[in-house]
Amino acid sequence: MTSRRQFIRITFFGAGTLAAGGGAIKAMTGFTPDEAKNLKVNLTRTPTYCEVCFWKCAGWVYKNDKGEIWKVVGNDDDENCNGRLCPRGTGGVGMYYDTDRLRTPLIRVTGSDGKQTFREASWDEALGVVAEKLKKIKAEHGPECTALFTHGSGGHYFGNLLKAFGSVNIAAPSYAQCRGPREVAFIATFGAGLDSPEPTDIRDTRCLVLIGSHIGENMHNGQVQEMSDAIDKGATIITVDPRFSTAASKSKFWLPIKPATDMALLLAWIHEIIYNEWYDKKYVEKHTTGFDQLKEHVKNFTPEWAFGITTIAPSVITETARAMRDASPAVIIHPGRHVTWYGDDTQRLRAVAILNALLGSWGRRGGFYIPEKIEVPEFPHPPFPKPTKTWRDTMGGKYNLADLALASGVCDATIPSPDLNCNIRAWIVNGTNLIMTLPDQKKTLEAIKNLDLLVVVDTMPMEITGYADVVLPECTYLERWDDLRVVHGRKPNIALRMPASDPLYDTKPAYWIAKKLADKMGLGDYFKWDNYEEVLDWQLKKVGSSLDEMKRIGVKVFPRESGPLYFADDDQPIEFGTNSGKIELYSNVIAAEGFDAMPVYTAHMTPPQGFYHLNYGRAPMHTFGRTSNNPNLTDLMDENTVWVNPKVAKEWGLKNEQPVYLENQDGIVSDFSIKVRITERIRFDSVYMVHGFGHNNKKLSRAHGKGASDSQLISRVLIDPIMGGTGMRGNFVTFRMEKESEVKS
Amino acid sequence: MREEIITSGRLNPHIDPHLEIWHWQIPLYLFLGGLAAGILFFAALYTIMGKEDKYPGAVRRAPIIVPFLLILGLFALFLDLKHKLFFWQLYTTIKFQSPMSWGAWALMAITPLSIVWVAMHIREFFPKWDWKYDLLKDLEIEALKYKVHIAWIIIVLSVILGIYTGILLSAFNARPLWNTSILGPLFLTSGLSAGAAVIILFAQSKKERELFIKIDLLLIVIELFLITHLFMGFLASTSVQIDAANLFLGGQYTAPFWIFVVILGMLVPAALKIMELRHFKIPVIIPVVMVLFGGVMFRFIIVFAGQMSRWLY
Amino acid sequence: MAIDTKKCVGCSDCVVACQTENNVPIGYCRDWIVEVTDGTYPRLEIELRSERCNHCDNSPCVRCCPTGASHYEKGGIVTVTHSKCIGCGACIASCPYDARYSHPDGYVDKCTFCLHRIQKGLKPACVSVCPTKCMYFGDLHDPNSEVSLILKKRKHKTLIPEAGTQPQVYYLI
């Protein structure tokens, strides 16, 4: 029996005897009520915020009477979750108890037989190796040739370390591989990005339009909760998706659109809204510029024109536009989150932004509220040195509108090429499994080959660890302090993360790793604290709280200072963050870069004969590949399936649950087979699979070999010319019943 | 197209992909219990009818194996329990709505009684048996005095033993294959048939043997009739019952059921018995073994196929 | 208990919450999600249900238990007294919903409506965690309880009522 099993067995009686009353106690457990009262049951709870996904819901960790972590429950005061965590958050205990976790630092060594393996090392030794190599790179090439890839709370510490070292190449894949286009599009239109969590006022909306967004299968906690509230209030949901998603099943209108044609639909909607005079006239006049150019621009984008491209009937296009008008301004054309699809994504999100602006939803109840974030001062440190070059210099003058570093760009800049006078030589990777995150795996692997140093800081032996020179085991969020969570929301708020347990095995928190590394590199002044509680208490006192208070309440909400949640309905002018100070329907800043000032439709490649659009998405019980080994969550779903339309299945003679291999248009075949799910829910020209499976690292005992990896099949990358986003939906797959070669891992 | 799936991955051991909570221990017990019931029934019947001396094989000799059958059966049941240390809880209460509770108490009563019956007739096998203790000698005398009364108790208990297992299974409306009131009588008849077959082996005279061959033949005919009735009932019932019946009419259990249970376990032995009655030379053991084999297979198949039949998913 | 199928998104939070709250061993579950899709593309409908023991009023599992380990608690909640359970498996075979399972420790286990929480005035773990708040729990005999009121307002159904068990988990449709 594993220790987890023993834990369960011992505590069951503990929980039962505590609460049962009267005769039931004796019956259930053999204890009399008096004996039960004397049983010590410790229901203390410690505050934390979840690290499983970016939503960072605040919660409480409960321990049982043996002091072992029992369960995680949401914090009622937190607006991100309202006291209810999502399945991954609730299953976060699985991350803690996963026996496949990384346990000690590892250093890559080459044996006498030439074979490379990892050898266990002490922290001192491992950090020493990293420090040495970084110093060497600084001496030979300059500190600017190092980069950090991060996703999660560790990014702040390693980011500071890198900046102190002399580099600002800090990239999060969540930008160019995910939400980048919408940030650029919304900044260009409204002068403000969306950030996380998106300020969508779903709970008060009367019409929610989801374009490829599958709320309910993507578990953006607060948004799923608010969508449920909206359904209660009778809101109209319009879903545009080639697949019958869960959201589509709750929609009044489901538009089963032909893949890659959403732009045409958006333009047709803009056309209808303008030419039927369904837009919010007062709002448009008061707050926007470029209306006349837009009106002229969409003149020919009629529903009939869109019908030919999208296969959505003109009457449906008009009817749904009318529904939006009926709800306006309490209407949300949801921008989605992962929007890197076909390479024209910034423009598509511009169309979304424009449509929202026309309907007057930005800054209005039921549309987009005005979020506010509290300013928490940074713990004092010496000023960072100014680097002589940044990631932007490697872009060759492209993607000037990108406001954050492109992870794919940094990866590209690691491959030596005549355009670069120096390529990046060292990567620190924390909390992101680049092998499954960046599209075009071949390129990622090539980039890694050119590195002098790859340091991976992670909790689990994900694929990226297999390529590392040094692996540093991080403890899970349940075992450490961390920065305060400061996110924007309807009310400014902060949340505390406190360890519920000491780090298991020989793992350490990221802040400790960063500090010790800094000490070894002579950068100790940038981390001048002895423990992180010191930093937190200092910060909390600056905002009128204290560590003791936060330990008790977990989440502290502050009153708004920047003004009301929505625009006032008066004649006061409102300044937007754009160059013109108004909402730009015609984008000057985009035009200045040489791109279309207003979106146009571009036809995208269709699948060759026998191939199908590769659509991928999320399941509510998993977060990318991060949870595919979590024991609680693999209990729910341990592999993905490929959704195939019954007509297609009949053509190919496929049976339900039959394992097949997927081959993409570039001849790449999936490492592992994937089971077929024959369902009416997917269009006949597409297949669908959930992202995050098909792991080939054998150390992930529950995830290895389960399902197939869609990332492996994304080799055709459609780069967005405006901000460098990597469009991933231009890949097609076909079925292979057998595979010739053996899988190597 | 209708697609009904469990998306949160239910894979409870012994429940999914289909119910398998009972394995070989239960059908083994069902057989042993049924056989024991059959033997005791005839022993008690012919005692009550006063034909003890005419059919000594049935009354005095065959019952010797019964205590062993019952103890073996009880042991199999014990092995099946998953919370073994608590098995004694069965005897702290009696639940009239639970056939398993009746069974527990019936077994509790009939096992010692069968030992008493064997003890009463120990001299059939060990003519020079001496009880040694006065208490036991006195008990023997008392028991023989009340032999007919004991026989009445035994006959009632043996019917309960033979039929309750069928009633127990038929009370599970969740398993459509079992949910038929024919199952009780069918189990009883099968048990009696097995008992009669074993008694043939212990028969002391040709007349006794012929009687029990005729009895067994009659019981086999009744069984065949009940099986026909069973299937007619299923096929005229609800869709879950029709699906259950289809397990034997083209489904996975078709061949095992019809070949092992019906043909080898009922029709062929019946034919052999008719031939025996017509004075053909058939080794006695063959039809007996076939009947017993058919009885064992019948119970195994019913228990396993029944667990496959279901209402949902 | 009443569960609104129109709001449920099938996220399985109820499954994980139950597992951590009740220390259900990994590999076992007391509740599960069923997804039913009807129709042909693109005319489709989905029903999502979170299923568990229905705490039936006429439960075959209580009826067939030979020791009385399976019994009704106050309010009609069906529970198992572990120290009375012999592990015979009759109740497991008798449940048409396959809601029970044999715990590795030997006794039979299933959803208890989080009796230990109800007795403290809390709701069952699944109801408390559901992000769409689609689950309602309360006293069906009290006409003013939240669950009674919602059943009066909405159309509802139970699972295989023809099995005759009188299940007490209602699905709002």
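Letters A, B and C name the chains as they come in the text, with residue numbers starting at 1 for each one.
Everything that follows uses one rule, which is that contacts are C-beta pairs under 8 Å (C-beta built on N, C-alpha and C of every residue); 3 or more make two chains touch, one makes a residue touch a chain.
The structure displayed is predicted, hence computed values, not measured ones.
More inter-chain C-beta contacts link the pair B-C than the other of A-B and B-C.
Averaging Cα coordinates per chain and for the whole protein, the chain whose average falls nearest the overall one is C. Our note on geometry: subunit A versus subunit C, Cα centroid distance of 33 Å, whole angstroms.
Subunit A and subunit B have CA centres that are 63 Å apart. The centroid of the Cα atoms in subunit B and the matching centroid in subunit C are 37 Å apart. Shared contact sites, meaning residues of subunit C that touch two or more other chains, fall at 10, 12, 15, 27, 29, 37, 39-40, 82-84, 105. Shown for subunit B are the residues in touch with two or more other chains, namely 1, 3, 7-9.
Touching two or more other chains at once are residues 621, 635-637, 679-680 of subunit A.
Taken together, the subunit C residues at the contact with subunit B in this complex read 10, 12, 15, 27-29, 32-40, 60, 63-69, 82-90, 92-98, 100-102, 105-108, 159-160, 162-164.
By the touch criterion given at the top, residues 1, 3, 7-9 of subunit B touch subunit A in their complex.
Across the complex, subunit C is touched by residues 4-5, 7-9, 11-12, 15-16, 18-21, 24, 27-30, 70-74, 81, 83-87, 90-91, 93, 216-217, 219, 221, 224-225, 227-228, 231-232, 244, 246, 248-250, 254, 256, 620-621, 631-633, 635-637, 645, 679-684 of subunit A. Within the complex formed with subunit B, the subunit A residues making contact are 621, 635-638, 646, 678-680. Those residues of subunit C lying in contact with subunit A across their complex are 6-7, 9-13, 15-17, 19-27, 29, 37, 39-42, 44-46, 48, 73, 79, 81-84, 104-105, 115-117, 119-120, 128-134.
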